[in-house]
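Two complexes, one shared chain (subunit A), two partners (subunit B, subunit C).
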Partner chain A sequence: MSALLRSVRDGRGFDGVLALLALAYLFVFSAFPLIYNIAMSFQEVDMFSLASLIRPFVGLANYQTLFSNPDFWPIMWNTTVFVALCITFQLAIGFGLALFFQQDFVGASYLRGLFLAAWIIPALVAGAIWKWIFAGDFGVLNYLLISSGLINEKIFWLSTPALSLYSVVLANIWLGIPFNMILLSVGLAGIPKDMYEAAALDGAGAWKRFFYMTLPMMRSTIGAVLSLGIIFTLQQFDLFASLTQGGPANSSNVAQYWSWQLSFQNYDIATGSAVSVLMLGFVIVVAFLYVRSTRQEHQA
Partner chain B sequence: MKRYVLLAIALCFLAIYLFPLYWMYLTAFKPSSETFTYPPKFWPDDPQFNFAKVFVEKKMDTYLWNSLLIATGTTALAAFFGTGCAYALARVRNVWMDIVLFLILMMQVLPPSLMATPIFVLFNQIGLITTPRFAVVLAQTAKVLPLYIVLCRTSFMQIPKELEEAARVDGASRIAAFFRIIVPLARNGILVTSVLIFLQSFGEYVYSRTMISQEELQTATVGLMNFMGPNTTDWNGIMTYAVIYVTPIVLVFMLLQRKIVSGLTAGALK
Partner chain C sequence: MAKFAKTILLGAAGALAMTAAASAEPVELNVWTIDRQADPGYVYVMADEFQKLHPDIKINIKRVEFADWANDMMRAVATGTTPDIGYVDNPNMQFLSSKGALLDITPYLAESKIVDTSKIYPGPLSTITWDGKIYGLPRGSNTLALYYNADMFKAAGLDPDKPPQTWQELYETAKKLTDPAKNVYGLAFSANGNEEGTFQFLPWAQSAGADYDNIAADGAVKALELWQKIIDEKIASPDTLIRGQYDSMATFNAQNAAMGISGPWELPRMSKDAKFDFRVATLPVWNLGDKPASALGEGNNAIFAKTQHPKEAFMFLEYLYSQMPRVWNEFGFVPSYPVEVKDPKWPAAYAIFVESMQNARARGPSPDWAKISTPISTAIQQALTHKTDAKTALTEAQAKIDAVIKK
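Take a look at the complex of A and B:
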């Protein structure tokens, strides 16, 4: 016992205790709720049984209710569209900007950093700003589009069911660009300059150098940015809350917002936790792939 | 010559990108008669200073104070639990520490809106909901702690092991060496990470909205949400609120920009 104490105070046990302290915290406040969530998704949970520990076990009934809900598949499809569009454009625009700021000019790295100003402000505030930009009658977006001749009449971005999801996508792309750009810049900076010089001497043009050198060299960075993109896009909640609240008629609803709505607006906690279990499972798989790929690189 | 053209293009990109922020500041300064004109004006003819009025009317002092409390509590708790763990992870490389790091990285990705359901039910059962701001601090810490550890770890890794060994030879205990040698050397990294965590928690929304029911304990994000309401038209007021809320965040960011960017990139890719 005293040997153990001594090791903790002044030996190898010291590191162990420090690591375990944080791990214990995360276990209590992250891992345990995760497990508890899975349990809840198999139980009947309502306002009456909320406070009791033992609730009736209902098997897969919550999942059956969920899958038979007519909103389920449209919302899952929305989630897929949201993630796919956001990631594609964030990555493409972020990559373009990263390549641009890679060039040598005064203040390049300082100006590049300023893009992060949009990333640092609370997403809810960004949502408020975009809601005002999107406003139908006096919104500046409609004005810019009409005066440049792209559209003929005012579009009600947030209240038209066919457009509401894409409006949130637009705002989220805006939010995500700086983070993508900065990470991709780091990857670009890691490619040795003399490689390009050698290729240029051998007569490779700018496009060839991009497709045969930059892209292959950036494979691991792009992989990391993609998986981080999926993870962060699925964390987006504040924009939905401030822009559309999933409406009109669930046309812009996505799984992570729906789960919260089910639990805290419809008080259907059991179904809310079932949605949550499905999505958390997906996120964990993506995270697993991401962490494994970066780890392997680290060792290589 | 080419470099100045590039600089000009870069400034254009930045201007287009940051236009929404400009629009926020502009709307805050416009009188409402100018806000609802079509075509809109891109410069205020008659700038207004409604900041004090909105601040008092919308009880922003209470909201901002609550946000400040939650952000401070979260940062303190994350620093308390995270600093040691980051150090241990940077110093020891073995299978066990790899497993710990792996678990921590996995905890980083859980979306708060999905975790809100189980955390709310759990906190409700053990009575933490009666102290809602504390409950938000606990939940938010669990969200940001992994990021704190990952970012701090990279700055601990830059400290040469020999410095600690020298202190040990001179008779310092592990604890003394940690507090007197290691932490002071890594204080820049710790500070920048803490600022980042603080700014993130200052804009926290999901957990506050879920767990805090009393108006006077709500955060600035929830206050803004209430202000916006379903059929709002007071965009001057809302943008004024947003400006008051966001300006300190943007200023802190501008001051520490370089350090935040480098800390962030080192942590995310290693």
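Take a look at the complex of A and C:
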């Protein structure tokens, strides 16, 4: 008995208790909701059976309903476009800014701090600001474009089906740039300066230094930023809620917003869960790549 | 007014005192509302008054954001933590009643000296009824009407005493009033891709003989084609497709729209913001002499089935119901049964809304309303963005609705 107590106080037992606490936390707040969600996607659920795990099992019926929904493929395509465009531009612009602020010039660090403003603003507030910018009749963007003579007629950024998704993309790129910039700046700061000095002495130009030194040294950072970026982009909900609500006619609807609409506007929780399970599968793949990319970091 | 209210108060107090005598122990009632505590806050005002009449009953109010209502209510029902009394938006009423979440108050009504459900207007009455039983009482109603800017009518050489009476006239008038150079649209309304779009569309379809269970009928197609025309010709802003009613009416108040379709909840803001002669008319019909239609909004006070204090809860419900003559002036609801309102605020508008109430039809009512409403708003958006024509869009909606109501 006393040996066990001693072990718990100071020894292997203590380590075990610490690990168990972390595991319990993970189980309660991560694993359990995930399992619950997956279970719901195979069951018949309504709001009165929400709290019980035992519900009629319906196999793949929810997924069949989902796949046969005429909105399914367009929304999946929108999600792909949304993620691909957001990630590409956030990463490219964020990387550009990170490199820019890596240069030594007066006020570089203060200016970099200013860029964080977008990161601090809650997405819902950002949504309200962008709604004001994009508004068709009295929007800031249309005012600027018309008064500078670039366009003659108002463009309805949010209510034109061909444009609505791209307007949300634009707002989300703006929202995501600071995050990319900061993480990449950290990565850049970790590359030893003397390497560049040596390369410069050997006659390597700026482009060569970038492609043969910076990029390879940043591989794991870029991997991490990419995977986190994809996960955050798939989480983006507030902008859709405040800008277009997925409309008009689902032209700007994406999986995450649709899943919420199905569950909480149509009370079709089972199909809503099925959408989020599909997203979960995709995120697991991304997370796997993320873990792989950080593992290589340890080897290097 | 004051005297009248007093009589009602005393009457209610007297009736309640009799029932109150039976329960001596202090009782706590949990009430959920969507009202704000700051000005006016319907349930907050009522609870204060009720607690003064019944010191042995304590009322705890929890405010739920209207947008979060479904979410919070679902969680409460699932976990068995529902309040004793809650606000229920009228299209959700049958959903909750049919699932047994609400208390059947028919037995209490049989003994009530205050409530006579036969007096309630048919629209609200249909929402509280499920399977022949009553599951709640309306706290007040609202409905849609046509607001118009009389100054703009005069400026355009139109008679401000003759608002459009048919939908075709509405279209023509709106077209005349549209002036892109001045940033003025003829009409403001909402074709939002959610419940609001359905709410606004149904009166157009219903006045042509269609309804949610007959939404592919020629009348509804005709209505949707007129909406298409209004959007295509930019008589209403293209942002109508992604804008709710309140935001749309803000453009009317700012004189960027000459007419607008909305409900009485606009009046307090409009009387502050609108610096012009605004007037209200009943919604148009297709042909003069047709039976008009209007939508039914607002919701009910309902007791949840799990309550421990059904008797006290019903007493509060009775009190709320007895205060119907005050709801227009103090809270901006249209009374749900005929009452005498002395010195109503905005008397002309009040008369129009009371008249519209006679024709206000509930959405559904159906226990599966959410699954009926979505195909309708989807069809509206499909047609207005010209993904399909009105007939095809509504025929698809009808197929989805049939699958829900005929299962």
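What we mean here is this: the second predicted complex is superposed on the first by the 268 of 300 C-alpha atoms of A that agree within 3 Å, B and C clash if a C-alpha of one lies under 4 Å from a C-alpha of the other, contacts with A are read in each partner's own complex, and residues count from 1 in each chain.
Basically, a residue touches a chain if its C-beta (ideal position, glycine included) is under 8 Å from a C-beta of that chain, and two chains touch if they have at least 3 such contacts.
All of these numbers come straight from a predicted model, not from anything done at the bench.
Upon superposition of the two complexes on subunit A, a steric clash is found between subunit B and subunit C.
Looking at the shared chain after the overlay, A:158 reaches subunit C, while subunit B stays out of its contact range.
Between subunit B and subunit C, the partner in contact with more residues of subunit A is B. Look at A:264: by the touch rule set out above, it reaches both subunit B and subunit C. Contacts of A:287 after superposition: subunit B is touched, whereas subunit C is not reached. Once chain A of one complex is fitted onto chain A of the other, the partner contacts of A:50 extend to both subunit B and subunit C. In the overlay built on the shared chain, the residue A:136 is in contact with subunit C alone; subunit B does not reach it. When the two complexes are overlaid on their common chain A, residue A:111 makes contact with subunit B while staying clear of subunit C.
In the superposition on chain A, A:248 makes contact with subunit C only, while subunit B stays out of contact range.
Subunit A residues 50-51, 135, 137-138, 264 lie at the interface with subunit B in one structure and with subunit C in the other. Note for the complex: subunit C touches subunit A at residues 70-71, 74-75, 77-80, 95, 99-101, 183, 192-195, 237-242, 251, 256, 370-371, 374, 378, 381-382, 384-385, 387.
Taken together, the subunit A residues at the contact with subunit C in this complex read 46-51, 135-138, 156, 158-161, 164, 244-251, 264-268.
By the touch criterion given at the top, residues 3-4, 6-7, 9-11, 13-14, 17-18, 20-21, 23-24, 27, 35-40, 81-82, 84-85, 87-89, 91-92, 96-98, 100, 102-122, 124-125, 138-139, 141-143, 145-146, 149, 173-175, 178, 199, 202-206, 209-210, 221, 224-225, 228, 235, 238-239, 242, 245-246, 249-250, 253-254, 257-258, 260-261, 264-265, 268-270 of subunit B touch subunit A in their complex.
Residues of subunit A that touch subunit B in their complex: 9-12, 14-19, 21-23, 25-26, 29-34, 36-37, 40, 45, 50-51, 53, 97, 100-101, 103-108, 110-111, 113-118, 120-126, 128-133, 135, 137-138, 140, 143, 147, 174, 177, 182-183, 185-187, 221, 224, 228, 231, 234-235, 237-238, 241-242, 256-257, 259-260, 263-264, 269, 272-273, 275-276, 279-280, 283-284, 286-288, 291, 294-295, 298.
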